[in-house]
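Presented sequentially are two complexes of chain A, the first with chain B as partner and the second with chain C.
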Partner chain A sequence: MEQFSLAIPDKAIASGGSAKFLSRGAAVSLLLPLAFLLAIGFIYPLLQLAKISLFNPEFSLDSYRRLASEPLYLLVLLRTFLVAFCVMALCLLGGYPVAFAMSRLKGRYAALVAACVLIPLWTSVLIRSYAWIVLLQRNGIINSALLDSGFISEPLKLIYTEGAVVVAMAHVLMPFMILPLFSTLRSIPKDLAHAAFNLGAGPFVAFVRITLPLSTPGIFAGCVMTFILAIGFYITPTLVGGPGSMMIATLIGQQTTVLLDWSFAAALSTVLLVITLALVVVFRKVISLNKGFNGVN
Partner chain B sequence: MSIEQTTSQSSLQYARLNLTGSGRLSRPLARGVAGVAVASILLFLMLPTIVVIPMSLSAGDIIEFPPRGVSLRWYRQFFADPEWLTATFFSLRIALSTTLAATLVGTLASIALVRGQIAGKPIIQALSIGPMIVPHIVLGVALYLVFAPLQLTGNFLGFLIAHTVLSVPYVVITVSAALQRLDPVLELAALSCGASRPRAFFSVVLPNIAPAIAASCVFAFLASFDEATVAFFISDTGGKTISRKMFEDIDFNLTPVIAAASTLLVVVSLLLMGAVQAFTKQR
Partner chain C sequence: MIGEKVALRGLRKSYAGITAVERLSLDIEAGEFVSILGPSGSGKTTLLTMIAGFEYPDEGTISVGERNITRVVPNKRGIGMVFQRYALFPHLTVADNIAFPLKMRRQPGGDIKTNVAAALELVQLSNFAMRYPHELSGGQQQRVAVARALVFRPPVLLMDEPLGALDKKLRESMQFEIKALQQNLGVTVVYVTHDQEEALTMSDRVAVMAGGNLVQIGSPRDLYEYPRNSFVADFIGKMNFVPGRIVGFDKDETVVRASPGGLLRLKGSTAGARLEQSVQLAFRPERARLVPKDQARPDAFEGTVAASMFVGSHQMYVIDLIEGTRPVHIQAEAGSATRFSIGDKVDVMPDRAHLAVFPQAEVR
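Presenting the complex of A and B:
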């Protein structure tokens, strides 16, 4: 559900109200509550997590060695990346047309499209996973429709598969693709496409040679965002996936709830955290969350 | 307005000039294909949110589609079940307190980040939106490991800390953006007219960023009320949120009561998002 407000920081850069007239003492004291909150509720727990993964109670790398030596865990890690990549691709495939339509429509239709993107974004992930189970189960809508129309004679096994995980996760993450794409597409002057039409290009050529290349920053931002969010996803893969489609977050959950191996869970979590932070650092320039802040400095 | 005029002018020119190109025939066709594609993706996006509504009104004993008959029995069961009600009230209490705490902390920090000149600002900014980026399962495990020995699991204070951390990025992003849009000259004018700093804030800055603060209240509330992953780890039998209760029920017994609970949550989200639209329109 992350950034509904993605579009707002963009606009903020233009007017750039950046005068700084707060004394250092005042600024620091205004920041104190946040610093305290993050210290006790964010930084300390994450450091503690890393510590528990390394000390058991003496320093040992056993958890990490176990992670590296068991093919099963590496397979889960590999599958996590693969699923995240498929989710990202599906989000791009489905999100681009919607973002494009959003950037071109006006008035009531634009509001309708925006509502269709934002309402799911602010619906609990849990509800949407539940809905996918309902839709995809043996006697769900999809199977009933296929049976009634005579395409199949036996209900298909749709739920608790890797495909179901990819579709349900793409559904959750698609708004994170659409919003950055929309803000890029909106900023491309429409005259450029019209110029291409005037020069004899058809809609396809105009799109491929003008609009698509100009929208690459948005594509990149959306892909990075959805991929990063996808690798750490817990609720949807756990509820919609089966034992054969386990991702790293589900593995962590299993270690804590079924096997109660907290030090191994801490090691897995630390690995996931490091991967996520590495991606964020590498791609920090394109993560659109920061745009509003960059405008200040 | 003038941009729109230019656009329609150039499409006229296009119609006149491009007589030979294949574009003339294929453009409406491309439009039709694109329209159908976009409509089906939008249906894909909306379907899971709306499908829970007919499910919740089903008169049958199991979840099926189309539902058998219409009844309110699952709503009755929801409101008669002390376990659902306790979880709902626990969630509401946490979400309202989180809203208050996150909005206060986040707004103060936004003022400092936008108007103040301090060392290490990029680091503070990165940290303040960090809880949005760090996978919630990692934070859930980490918070459990810290909270369990302190007996903060299944506890109001534990949830308040965890959910305020998760909600504060929404507030910082929304309020910072509003502060950047606000011309600082207004505040300087108030100060040079003799207003004290608090007076300038309360009579000039606050009324201008009030819609953003109201919107960030909604984001913070929903971020807490709908939060499921961290709640999964820091709940226990003594105190669980509605999300944790739903997660258990979806995993173990898939009754239509979940659809009733989901519909109630969807309605809450819709009403609050409608309120955000109203705030932003006022601007």
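Presenting the complex of A and C:
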């Protein structure tokens, strides 16, 4: 399941460095093309980003000062993290049962559920977001169904709210939660649940005491994936969210394409990146405090 | 003694139309060590799974003591189990693993401490209480699994090929430890294995399974000396088979002409045997003598030494009989005066008292 972690775990380095199989030189030369690509396609732009945010054209911290002094921007930043957190939580709550069921199913049923999880992943985010507009708009499917059945007399305001953004984003990001969870749950030996039953635990206790703690690596991977993807989400919040629920990606987009304030956009991006990295580090620390997972898988 | 008797009555279980266990009945005494021995696919694991309660039988009943547990959920059965791969909880320490069944039984904290300590003492792992399972060797993990399964003093302990993952030396010492532990506690043990040597060494009785049926149950000596059919004969220990034909009955003797030559008189009449019936003569490698081919012997098979192996305690000879029959293995004392070399013409003289005959059709 480590493939879902962002940082390379120490273990992988230790076993990957088996010089008997691959000489150091050979290993380095295999890594070079990707390293080169990363350098020019990722690291260089990132450095440029930092540079633009700091030099305009002379060194100045104006952009950061503006960001810090204007409550509106901090509010957008805060809202972004809040929405991302809600999306993550919703994905976890909705995705865990699905991943759990998937890990227990066999053959045809497993393939069917896997297809249901994966096919949306291959559909454009744009299409999926528009689908939510169809569902949520004033005279959309949900409102008309509720009106027809007499539950409400006035259409509800569903679209262009933060709630709509959270639900739509959770839908889009759900596979990124389900897949790592599934891979972890599947790797937990079935014997362990049997052993827990045998030793006197009912299904619920066995789940809480054994399966759930053992699936923490998958929960971590899924949460980090969905949270980080949610922070940088652009299309869905723009389409489904209203002006009152602006998220940081939309703000950065506005700054670069409409207001052409690249320096400020770069400052926003840098702050976002730093906070995200800090959160990942904290998250990982918290998880690794919980001992014993080294032994799993 | 904590053991209770186990009674299986007419158990049947099939998966998607394929029968795994076929109307099986078995009575196990309190404190008895019974092995279920069989090749893979014989239904032995299904049987164990039903006793543990992870599967319910299609028909039949299971009871422990006077309690019918056929439909009781596994967590209310109170039966201990050691899993094939130990199934220790990897995120819990050794002590917490062993404490788990006690916590499930809501024992007070002080009692749990005492009981865990006693269980660790029992398996000689007191210094490992705070370790995690992955920090232990295979044998140590095995012992933790045993301690965890016994700590709540279950009347019955199920073991599913518990020693399969260990190397030979460790396996032998663990066999000894498990057996000693079982005798001390007096727990009833149902031990599933495909290793006949393991089953013979440890068990009070061995139940041989094949194709979902109980083929034979008896003491290890019974099974070895008096296999009921050729399957058991072949499965338990080493057995030589030589084809032949019944040519006569003489008083209480059956006369068989062996294909590689030799007219053998077997004590006792074989039930259902007919004249002219094709049969298999069966004898153990240590129940025959090898003599140089120097004179005509009517009650011996002629053969040629094909291989000779030194096995430490004895010398094993492989003898080719006539073409088309399996070579036979003959075991001779290592210090025996007569030595044979490859190519020597020999006579194989089976010990009449230990010669068995099985109908031809039964031999696979």
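Some observations on this one:
Keep this in mind: the second predicted complex is superposed on the first by the 230 of 297 C-alpha atoms of A that agree within 3 Å, B and C clash if a C-alpha of one lies under 4 Å from a C-alpha of the other, contacts with A are read in each partner's own complex, and residues count from 1 in each chain.
Throughout what follows, contacts are C-beta pairs under 8 Å (C-beta built on N, C-alpha and C of every residue); 3 or more make two chains touch, one makes a residue touch a chain.
Please read these numbers as outputs of a predicted model, since none were measured by experiment.
In the superposition on chain A, A:L192 makes contact with chain C only, while chain B stays out of contact range.
When the two structures are aligned on the shared chain, A:A265 is found in touch with chain B, with no touch to chain C.
In the superposition on chain A, A:G232 contacts chain B only, with no contact to chain C.
Of the two partner chains placed by the overlay, chain B and chain C both lie in contact with A:G202. Contacts of A:P213 after superposition: chain C is touched, whereas chain B is not reached.
By the document's definition of touching, of the two partners only chain B reaches A:C116; chain C does not.
Once the two structures are overlaid, the count of chain A residues touched is higher for B than for its counterpart among chain B and chain C. Counting contacts by the rule stated earlier, residues 191, 194-195, 197-198, 200-202, 206, 290, 292-293, 295-296 of chain A appear in both its interface with chain B and its interface with chain C.
By the touch criterion given at the top, residues 189, 191-192, 194-202, 205-206, 209-210, 213-214, 290-296 of chain A touch chain C in their complex. By the touch rule above, chain C contacts chain A in their complex via residues 52-54, 73-81, 83-85, 87-93, 100-101, 104-105, 132-135, 148-149, 152. Chain contact summary for the complex, chain A toward chain B: residues 1-5, 8-9, 11-13, 15-24, 26-28, 30-31, 33-35, 37-38, 40-46, 48-49, 52, 94-95, 97-98, 100-101, 113, 116-120, 122-135, 137, 139-141, 144, 171, 174-175, 190-191, 194-195, 197-198, 200-204, 206, 228, 231-235, 238-239, 249, 252-253, 256, 262, 265-266, 269-270, 272-273, 276-277, 280, 287, 289-290, 292-293, 295-297. Looking at the complex, you find that chain B touches chain A at residues 6-7, 10-11, 13-14, 17-18, 20-23, 26-27, 30-31, 34, 37-38, 41-42, 44-49, 51-52, 55, 63-65, 104-106, 108-109, 111-118, 121-122, 124-146, 161-162, 164-165, 168, 170, 172-174, 176-185, 187-188, 197, 215, 219, 222-223, 226, 228-229, 232-233, 243, 246-247, 250-251, 254, 258-259, 262, 265-266, 269-270, 272-273.
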